[in-house]
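Please read through the structure below; I'll follow up with questions.
As written, the chain order gives the labels A, B, C and D, with residue 1 at the start of each chain.
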Amino acid sequence: MATFIQLIVDGLSTGSVYAAIALALVLVHQATGLINFAQGGMAVLAAYSAWWLLSRGVPLVLAISASVLLSFAFGAVVERWLMRRFERGDPDTAVVVTIGLLTLITGVCGWLFTYNNQQFPSLFSLDAVTFLGVSVSQRSIGTTVVIVVVMLLLQALFAGTKLGLALRAVAINPQSAAFSGLPVERLLMVGWGLAAALGAIAGALVAPQLTLTPGMLDNALVYALAAVILGGLSSPIGVVVAAWMIGVLENLAAVYVPLIGYDLKVAVPFILIFVVLVVRPQGLFGRKTVVRV
Amino acid sequence: MSRHFRSRKALVIAVASTLALTFAGCSREGGGDGATGAAASPGITDTTVRLGISTPLSGSTAGPGTCTVAGVKAYFGAKNAAGGVAFGDGKTRTVEIEALDDGYDPQRAKANYDSLKDDVFAMTAGLGTPTNRAWREAAIADEVPQVLVMTGDPLFSDTQESPWQLGFVPIYQNEGEAFGKLLVASGAPHKVAILSQNDDYGAGYVEGFKSAVEGAANIEIVDELTYEATDTSVDAQITQLSASGADVIFNAMSLVPLVVSALQKAQQLNWLPSWFLPSNTSSPGAVVEPGGGAAFPGIYSVSFAKAPASPAFAGDEDVQTYLAALKEHGDYPDAPAFPHCQWSWMVGATLEQAFTTMTEPTRDDFMRALRSIENFEAPLMLPGTAVTTTESGQPAVPTVVVQKYNGKGYDTVESLG
Amino acid sequence: MTLLELEDVTASYGPVQVLDGVSLSVPENGAVGILGANGAGKTTTLRAISATVRTGGRIVFDGEDIRGRRPDKVAALGIAHVPEGRGTFGDLTVRENLRVGAYLRKDRKGIESDIEYCLDLFPNLQDRIRSNASALSGGEQQMLAVGRAIMSKPRLLLLDEASLGLAPTTAKAVYDAIRRLRIESGIAMVVVEQNANLAFTVVDSATVLETGRSVLTGTSAELRGMDEIRRAYLGG
Amino acid sequence: MAGARMTTAALSDRQRSWLRRAGPLLLVVVLVVVPLVFPESVNETIARIGVFAVAVLGLNVVMGYAGQVSLGQIFFLGLGAYVTAYGVSNDWNIVVVFVLACLIPAFVGLLVALAAARLGGLAIAMVTVALPIVGVPLAKRLSEFTGGSQGLSARFGDAPEWSGLYDDQWRLYLVLAIGGAVFLLTRNLVRGKYGRVLGIVKKNENVASSVGISPYRYKVLAFTLASLIGGVSGFLYMLVIQYTSPETMSFGHSIQLLAAMVIGGAASIVGSVLGGAYYVLVPQLTNLVDPSLTALLQGAVLLVVLFVLPGGLASLARPLGRGRRSRARHDPAPLITPSATTKSGSAADTPETERQGHP
């Protein structure tokens, strides 16, 4: 029984890693209508910039804050000088451009910082907290708490604020948004910037656990995508819940379903997606929506 | 000649084709004759010899992949700077390295081989089982040496199956076996949990380990799990294994981040077994220290190379020469984070050893020379290990020694505890 | 007093010239129709005004030449464009659509009372206030599009083919509401409409375009009386 | 203005009619001669391009022409390769092996599509992501058939004695013949009735339904066809590479294949060839420049190419060939334009279009 509960707790903390990237994917999708494959790569770049500052003696919190700000600027620049050319064309092309961006960023990280694993210090201690025979590290708790806070902020941004509404409007229909006086181009830049800044937070949260390499988030990206689809593209709460579900069910399936086992547990999120989408095409929490990947 | 020449029967009916055959005749000649006369193989002249490497320099295995090039480049870079390598035929040649990136994609590895095979004398040092297997048969057909490659796949060390191949690093089975023997020899009862990578690497380790502990009354394997190289976490596996009550974990894992987090996770669960790590993921600085290895009763690994980061070898002459050359000629300014850098340096030394006994500038003679090295102590090798290429079924480095983490680096141990 | 004046406006998409000298004058509180065949440049004329196509000539709004400004800056001057195909925000609810329309306004209370006004003008939207726009019927979407546009409290409304794809009764309901809006608010309008009969229920005068050129301008009454207009645009 | 346009159109018409008559013949002659004149390494490169051109073509059928996002095309290449490797190493008749390498992936594709196409576009994307992601560990588990992570080698297609050809020449002929046949059949298909129907389904499923076309059936058809073509590319993969392992069908390669399709030019036959060439040549090019900067250079090349040619490399070839098939942009048609010519001229420069609305 203790193992069972421990597996659930482990699943939740793994799920939090997926959730961190998934939230950034949701943000950029809500703000630009795109699935951004480079989201993980931008988070890695942010983590490297924080790591570089650390190695120059900047305190951790300051380094992470600086990387968040830098990422905001980087995201805005990417939108302005790269994505803008593709924003009104074929969405498939724009997605492939983000794939190219991911490749480029990975290459730049590898070139500047090598492909070696770098240790990235955590904001939270690795010490375990034990409760009812279940132990969990303070790092996992801290990561999860930050993610929940970010999730609530995002939810509030989209549901309640004028900026959130404007970002979504621009993503859905830039022309009508302009007819209503929305500064479309600036809002697109802000959308990319915010997503990149959120990615920087995600990067700093998960880098201590995954250790910093240029391809650190490649494997997590697939899970994050699955969480995004499962949770519903428009709902931050939905994707975080979906990411946790994936993390937990994956563990339980691996241990308790012999046919699946540890090797095929990666199928779990997709089975889950299949089952859920049959019942609710818009995802667990999403509203009915028209999506292009 | 690299390829078997076949007489051209006139088959082609079309006039255009006949015309083209003439062109073909032109373009097909020219390749093949080396500058030293009819006997020389491609890629070798009186003054130079060219070696090819196809290895991952991008993607998830780029870290160790970069090392496989850096070591060889550093070794021959230093030799070239000192005038070159004296070959057994009395000529001194400089060694050129042509390294290509395959991104761990078998298809690209084959493409790299295709583009290199007529320009290089031999292929060497490349990392990866599927990427080396992808062109193994082609290399046999073309009679191109594919030697001292970085894979523990036993196929490459089987002289019958792979006449033009030779693996460098110990086959995975040997490494697993070495630790198994140590465990059996301890005499004390041990419960072992196994966590291995779900591929030939993990399976090879486990196979070797099991063969060593088979029938031993004091060893019981209580649980055995796998993980995928694409997983982001092995927390669930560690949780499950911790419940097995094992006091030893045999952990055949090739990914540094996952090893680090496995060590951390076990501590969190307050499960502190003796820990076995493979040779390629036991770096003191990059793995054990960040993983908090000191908390465990013992971290064991197998090795045949001196770890430059270990204080025991900080003043070692071999190590210092190596580190200086790596920086200067290997295009590798940082402290090497993977043992593959050291291994590939040894590959360089082993190649030189073969070169010095080569009497003809041919691939055939090179293979003969390479296959007749015995007990060669390459630089950076640990006492008790040596390069021996005369034994079929075994790679160039057939033996490893078991080591135990001492808080900074590793000490060779004869027994558990 | 003239609110909007187009003088010899030209426009092109890449190498293809679509407007070749359009002139138009909209008085304060007035409503002008644009008639013409497919491809005559009606929609492009509206796009020229709202700055979503590159143009030449002069476009004077409230005494200022606004040609070449950014679309959102033009909108900020008080020009609201209801594009062909409605251009609602499909994934936003009806209320959110209306709030986006009021993006430039800061008066919370005024916005709320204008939302109420929109719902009064288009009672169909009342029940669908929480629905996504994409779930609305075509007529409801058209109403929402007009509502979204007037939420910005514009001085000039550009209306493009508001009856397109709607059942005749629905189209009439939309135009009834637009006429009421005109009477109650005095917003000036430029109305592009295939169905000239519908357009004449709202506009005072109209311009006829042919291959990107203004060929005829007159009051509603004058134009209704002309045979060729009747044949071409009024269905006999 | 209009007059000038007419002249260009007439010119290119004349050009095209000349090309139409002489082009195929010229192409066949070139294809027959090419394997004979080039050195071995070039032949091998061309053969590899052929393999991936076919793979990209399959992806184009489902994505470019039918508009269904597929992130898993590499799975069918891998499946075809495994079937081929298994058949060859068990000494089955090579024709039987080829047929199975087509039919088994097609059948699997059909099963997947029957389930996924019912769910709509997004689910197809996610189900197709699952194919390579789950396919890799599945291939390892079925090691009895797949050789596990060590993969399967299978050498076949050596030049028969009577041909008097080198192996690489013979193999290249096989690739050109099989690949050429697939291209020809696909070309006829997408330019015919099916192609038009797929175009309607891509543009607007509701419209398709309203004119009596079942979008479901055509999506399933396109997906099955893409899987079959993927299987063929897998067969060719084994012919040329002679080795396959779970690594062959990794998700990363699937994404690269997608990039190759877009770079080549979506919904374009020529684009598929160019995409295959891109997939094979760019890694060789980056190796030539600096092997340690592969990712950086590849990313940069991809971005530069798309920045200059958002329509892909095929848009370079377009003015020469079938010039005016206007690309499927999401252009709400700012005005009811008088002719198709005007429209294709305007598409590129339309200042504001609705990016995402109601399909």
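Basically, a contact is a pair of C-beta atoms (placed from the backbone, for glycine too) under 8 Å apart; a residue touches a chain by one contact, two chains touch by 3 or more.
From a predicted model like this one, the values you see are computed outputs, not experimental measurements.
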Which of A-D and A-C has more C-beta contact pairs | A-D
Which chain has its C-alpha centroid at the greatest distance from the C-alpha centroid of subunit B?
-> C
Compute the distance, rounded to whole Å, between the mean C-alpha positions of subunit B and subunit C.
-> 72
For subunit A paired with subunit C, centre-to-centre distance based on mean C-alpha positions, whole Å = 42
Calculate how many whole Å lie between the centre of subunit C and the centre of subunit D, each centre taken as the average of the chain's C-alpha atoms.
-> 45
Mean-CA-position distance for subunit D and subunit A (Å) | 31
Could you list the positions in subunit B whose residues touch two or more of the other chains?
-> 58-59, 66, 198, 228, 230
In subunit A, what residues contact two or more other chains?
-> 106-107, 110, 172-173, 175-176, 178, 214, 218, 263, 266, 290
In subunit C, the residues touching two or more other chains are 52, 71, 87, 90, 134
Okay, in this complex, where on subunit D does subunit B touch?
-> 29, 32-33, 36-41, 44-45, 48, 136-137, 140, 148-151, 153, 155, 159, 161-166, 169, 237, 241-248, 252-253, 280, 283-284, 286-287, 291-292, 294-295
Mind pulling up the subunit A residues that touch subunit D in the complex?
-> 33, 37, 82, 85-93, 96-97, 99-108, 110-111, 171-176, 178, 214, 218, 222, 225-226, 229, 263-264, 266-267, 270, 273-274, 277-278, 281, 290-293
List of subunit B residues in touch with subunit A within their complex | 58-60, 62-63, 65-66, 198, 225-228, 230-233, 235-237, 239-240, 243, 256-257, 260-261, 264, 267-270, 286, 290, 292, 334, 337-338
The residues of subunit C that touch subunit A in their complex are 50, 52, 70-72, 75-76, 80-83, 87-92, 96, 99-101, 103-104, 132, 134-135, 145, 148-149, 151-152
Residue set of subunit A touching subunit B in the complex reads 2-3, 6-7, 10-11, 13-14, 17-18, 106-107, 110, 114-117, 119, 126, 128, 130, 135-137, 209-211, 213-216, 218-220, 223, 250-251, 254-255, 261-263, 266
